[in-house]
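In what follows, chain A forms one complex with chain B and a second complex with chain C.
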Partner chain A sequence: MSHKNLTFHRRAVLAGAGALIASPAIVRAQEKKLKIGVLLPRSGFFAQAGQSCHRGALASVKVLADLGYNVELMHIDTESNADVARTQAEKAINEGAHCLVGAFESGHTLAIAQVCEQRQTPLVINVAAAPNITQQGYQYLVRNFPTGGMLVTNGLKLVTELTRSAGVDIKTAAFLHANDTFGTSMRTAVDAIFPKLDMPFKLVESIAYDPKAQDLSVEVTKLRSINPDLLMIVTRAGDAIKLTRDMVRQKFEPKAIISPGSPGLYDEEFFKAVGPYANYFIYNLPWANPKSAMTQALEASFKQTSPDNRFALDCFNAGFTFEALLVAADAFKRAGADDGPTLMKAIKASSIKDHVMTGGPIAFNDKGDNLNITSASVENIALTPTVVYPAEAATAKPVLPMPSWQGRK
Partner chain B sequence: MSASPASPGARQTVALALFGLALVAAPFVVDRYILSIILLCLIGAYLGQAWNILMGFCGLLSLGHALYLGLGAYGAAALYVKFGIGPWLGVFVAMALAVAASFVIGWLGFRFRIEGVYFSLLTIAFAESARIGFDNWAWLGGAAGFFLPVRAEDFGQYWNLRGGPFFFYYLALALAAGGLFVSARLRASKLGHAWLAIREDAQAARALGVNVTRARFMALFVSAAMTAVGGVYLAFWGNNIFPGQIFDMAHSIDIMLGPIVGGVGTLFGPIVGSFLLVPLGEALIEALRALGLNAPGAKALVYGFLLMGIIAAAPSGVWPWLARRLRLQDREQ
Partner chain C sequence: MSLPLFVEVLIQGMLTGLVYGLMALGLSVIFGVVRVVNFAHGEFAVLAMYAAFVLFGLFHLDPIIASIPIAAAFFVIGYLLQRAVVQPFVTRPQHEQFILLVGLSIVIVNALLLIFGPESRHVDLPYSFDSFSIGSILIDEVRVYGALAALAVTAVLFAFFRFTSTGVAIRAAADNLVGAAVVGLDVKRLYAISFGVGLACVGAAGAIMMALTDMTPMLAPSLTLLAFTIVIVGGLGSMVGALAGGLLIGVAEAAASALASPSMKSMVSFGLLIVVLALRPQGLFGKAEA
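Right, the complex of A and B next:
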């Protein structure tokens, strides 16, 4: 053994000593598991979306473990009920949850937020769009999901970029939306944001419809009389089916049908009901970036944990649920502690470059919002949601103008 | 006439006092989870009491009590957030709003003789109209909800209903106790007897000189005002209001389920019903989890069957049955 090998430099000794001092906390964090209560509406009114998020949570376990994160998930059903969400949040913390993730719906999320605030337990929101959630003054929550305003702004901007990149000339547009809570709030946002964005086309008409109506023939007749180049829609799966059937029946064929941000067009129910007519609908939403290695890992795990479901259809809810868990796990690893205040401080300091959903690094502003989330244009191609814009996330070119209903197979 | 120590009335008083004492002591004994369940029971008992005045005492079936809840919540919260007017004053405005709405419903119902199930449909229609209206009222946040600020510096401003879980627990307890007291006093009053007469046979009551329309209006007003107070509580407790939730039909059903199961028209039915249903739901979650049957929806299924079982076993409600078994009353109360 040469003498040289035994020479200790001061810097090395200092670094070693520093590591030694810091190591107990890090080692403890490695040994200890972060217990995360995952509160989702797996039954009741929001069950479909809650189940989709749940499948994401199930798939997350392996991916997080492979990334070196030590987490244990407690799966809790909020039953689409704010009171249940509140009591179950209390129970989860009683049973040792260090952090909560959830809860898909804004009202339920706020019921949980109140408990978390009182008990100084971090809440990482996976899905909830009400803008005020992060503006009320809660200190123990962050949201890795766009607000309704961000969703519409990004969605409208993408309409312009996508149609321009595809060389489709759009001069007029009509906006058709369900008159339920979500559709109405989207209409309000579109009315407020559209004039500010200097859009290259004119919004000639906004039409509200009752999603419980037997058919949408009257609305489609009206659309035919307007004959817009672009139809923007905000639907749910059930009414998207009725709308498609009436558009096919009346041969209403605009150059493009694009949603500035709504569900319904990527549900299995929609694909099964209208078959090839589901193709070429476009929706602008934050989406799992198919070119991200982490998305690919999540998809592989998803296939194992939920073999009967398609990741392509679940990736919106599943992706955001995974990322919420990732935020908590990453903070725990960095903080080396699981107490609420320390964990929350680490969560707020997050800067996660590699993740699943489209957009920049996961980071939170003073209010607790991640403003780096962006949307992608997703088109149904061969009955599969496919990212077609922007180029850095796209796996196919957009099919625009939309092919005729006739002759589709 | 005072009750003898062994009489059902005396036993009932002792049981009520013990129950009250247990509720007062609960925050010092049970954990936060159990306390949150008891708090829900108390709110349910209070709102059930309000609904019971209309249906149980006066025989008017309201399926849209969420209307008054929502108006109360929005009224007081809007005054607080938009104009800085505290809830102790706002609660009177909330009650006035609910009473005004109930007056319109009552006027339509009684003026045009809309009775029975049609009156119930009218109450649903108003609640649904309010939901749609508030969904589109941008000044109050519309469908995206209305939010009260949650600031650390406001904590402890009890006059603004800014307090912690203990504060809201005792407030709920006070509401439930107050609701019981008001119901008991009203039921024992001349007006209460008029309500009971109308409930049994409106025509006969009218023939006996009871001003049926006036008495019904009074029941509507009292019930609406009490429910609005509950709405104020919910707004300041939860710090947010969404039209889709507060005016939801499911909310109206939740309000009436307690008194129906506990015993419609009885004083203690709403309390017994609420203290039975809320813990039952929570216990089922635990039981199914322990049995490994925590599939989504399983609880709702079992809960439904149990509810049917309870109603089949005690069709007049659990309280009359329980009171008989424990010899807590000598007449229906």
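Right, the complex of A and C next:
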């Protein structure tokens, strides 16, 4: 066995110790992992969307690691229940979570926000549109998701831009929406925002329907009697299926069917139920920019972690969940610390240029909202959600006016 | 709304109402004879919908045709259920019967949730998207076939009660239980057959409804409520009343949707219920209590 000369010079030892003490916090941060509690409704009423977000979280791990971020995710089910969400948030923090991400539903998010405020633990919201979340003076939350008002404003603006760019003349529109909380709030937003936007067409009728109804045949008959050029809809997948069936049966064919910002039209359930009739529905929503390198990386990882699911259908929920994790990981890297106040300060100072969803850099205003998020027009083409507007994110040209129902099967 | 479109709405409402009526008929038969209110009625309808869904998945059997074997299977289930579970409760207080059947409904819904999950299910029939046109009036093909099937089942049921000795015996037991026992009729057996016939009706109606709409286990309570609304409007225990109640609710909901707002459908049917309860508590075709 050979013995190395382990004699140290005093100056070298002092220099080493000094370097150790004075080393930037960033080095220590990279040795440690940021523990993020990801709270999502993976079972219960919101399970479908919660699982979609969860698949995004699973795909995020590799992408974040490849970007040099050191994070550990704690996957937690809120069971579509605000009380469970609150309890699970407490538990996650007790078990060492430095930061929380979630929670898809506005009520659950508010319940978690109260816990985070008390425990001085940052909450990065992935999906939750209720405006009041960021209007209550919470210091430990930011939201990388548009409010309902932003969704409708962006969605309505895109209706005009898209139809003009496609050369489709729209003179009249009808608005059909569910009479649940989401649908009614969208109606309120449309009623408030539509007159301010100087839209080039007239909104001739707004029809509310019961999402629990067995069918929407009467609603479609009413639409036939109005015969609008454009049908604007706010639905979920189940209602969209019933609506499509009744529109096909009654041969109701407006020039375009566009949602100014609602889910349902890009669910696998919708595609499976109505097949080719799902094509040419358009929805204006923030969407994963298919031309972004980070989106492509997330999609590649998604294919590995969720091979039975299509990224094109999940990218709304998965994209926003990834970005929430990215915000936390990026702040941790910059702050070099995992304590709540320091981490939150870094989160609020975020400016992330390269990301997944459409819009400018991820940055937050004083209230904690990211106002740079924009929407894209996404059209179902060949049973796949496809970005058709704006040009910088589009991968195909819009198919407008909408082709006839006949001959699709 | 133009007159042809309004007529179209009324026809669609009438066709749907016939299927609702068949479902409610089952509830009325059970109560009319056994005097037990089946609080798990909507749950049995949803169970039949899942049976139709499974048969469609396995054999590509049209739910409207599948209504025949499903009705037969539900008759057997109903017969056995009455004999084994419900019969001991027939003479017990109503709150005990209520708890029994509500418990049964919870078991059915949760079993369906465990097996099939909460997702909405549907069957894709070749004529799901087709319609008949009469001038400018368009009528859904699936709704026409569903209504015809409901009418056929109802006709068979009426023939059973009118022309078979068992049917006549059941009517006798319903009219005068003591008299039926005195002349030597096996009342327990008649109760079991009635329960079986009631479940056969709801089985057929559920299978037909599978062709008309999507379903989840959580649809069950609203169907129970719908069946109750119909039989109370038509008259609890009256077979004609159940059918007429179904038609009335279907047409009233459709007319209200066309003339006012579609989201007012439920309000109209419950409004109708309140009016009938206030003016004619026994229902439109029910017999007043002596």
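Note that the second predicted complex is superposed on the first by the 384 of 409 C-alpha atoms of A that agree within 3 Å, B and C clash if a C-alpha of one lies under 4 Å from a C-alpha of the other, contacts with A are read in each partner's own complex, and residues count from 1 in each chain.
The definition used in the following text is that contacts are C-beta pairs under 8 Å (C-beta built on N, C-alpha and C of every residue); 3 or more make two chains touch, one makes a residue touch a chain.
This one's a predicted model, so the numbers in the text were calculated from it and none came from an experiment.
S.K.: Once chain A from each complex is brought into register, does chain C clash with chain B or fit beside it?
M.R.: fit
S.K.: Mind working out whether A:N365 is in touch with chain B, chain C, both or neither, as first, second, both or neither?
M.R.: Neither: A:N365 stays clear of chain B and chain C.
S.K.: Touch test for A:Q304: chain B only (first), chain C only (second), both, or neither?
M.R.: It touches nothing on chain B or chain C.
S.K.: After lining up the shared chain so the two structures overlap, which partner does A:Q214 touch, if you call chain B first and chain C second: first, second, both or neither?
M.R.: second
S.K.: Look at A:T395 in the shared chain and tell me whether it touches chain B only, chain C only, both, or neither; answer first, second, both or neither.
M.R.: In the superposition, A:T395 touches no partner, neither chain B nor chain C.
S.K.: Go through the superposed model and pick first if A:A47 touches only chain B, second if only chain C, both, or neither.
M.R.: Both partners, chain B and chain C.
S.K.: Touching A:K222, do we find chain B (first), chain C (second), both, or neither?
M.R.: Once the two structures are laid over each other on A, A:K222 reaches chain C alone.
S.K.: State whether A:K242 touches chain B only (first), chain C only (second), both chains, or neither.
M.R.: A:K242 contacts chain C only, not chain B.
S.K.: Scan A:G137 for contacts with chain B and chain C and give back first, second, both or neither.
M.R.: first
S.K.: Just to confirm the geometry: in the superposition, how small does the C-alpha gap between chain B and chain C get, in angstrom?
M.R.: Taking the overlay as described at the top, chain B lies 8 Å from chain C at its nearest C-alpha.
S.K.: Residue by residue on chain A, keep only those touching chain B in one complex and chain C in the other, then list them.
M.R.: Common to the two interfaces on chain A: residues 47.
S.K.: What part of chain C is in contact with chain A in the complex they form?
M.R.: For this pair, the touching residues of chain C are 1-2, 5, 8-9, 12-13, 16, 118-120, 122, 124, 128-131, 138, 140-141, 209, 212-214, 222, 254, 257-258, 261-263, 265-266.
S.K.: Residue numbers of chain A touching chain B in their complex, please.
M.R.: Those in contact with chain B are residues 42-44, 47, 50-51, 77, 79, 82-84, 86-88, 90-91, 93-94, 106-107, 110-111, 114-115, 117-119, 130-132, 135-139, 148, 181-182, 184-185, 188.
S.K.: State the interface residues of chain A toward chain C in the complex, per the touch definition above.
M.R.: For this pair, the touching residues of chain A are 45, 47-48, 179, 207-210, 212-219, 221-222, 224-225, 237-238, 241-242, 245-246, 248-251, 269, 273, 275, 277, 405, 409.
S.K.: Chain A touches which residues of chain B in the complex?
M.R.: Residues in contact with chain A: 31-33, 36-37, 40, 135-136, 138, 141-145, 147-152, 164-165, 238-240, 242-245, 281-282, 285, 294, 296-297, 299-300.
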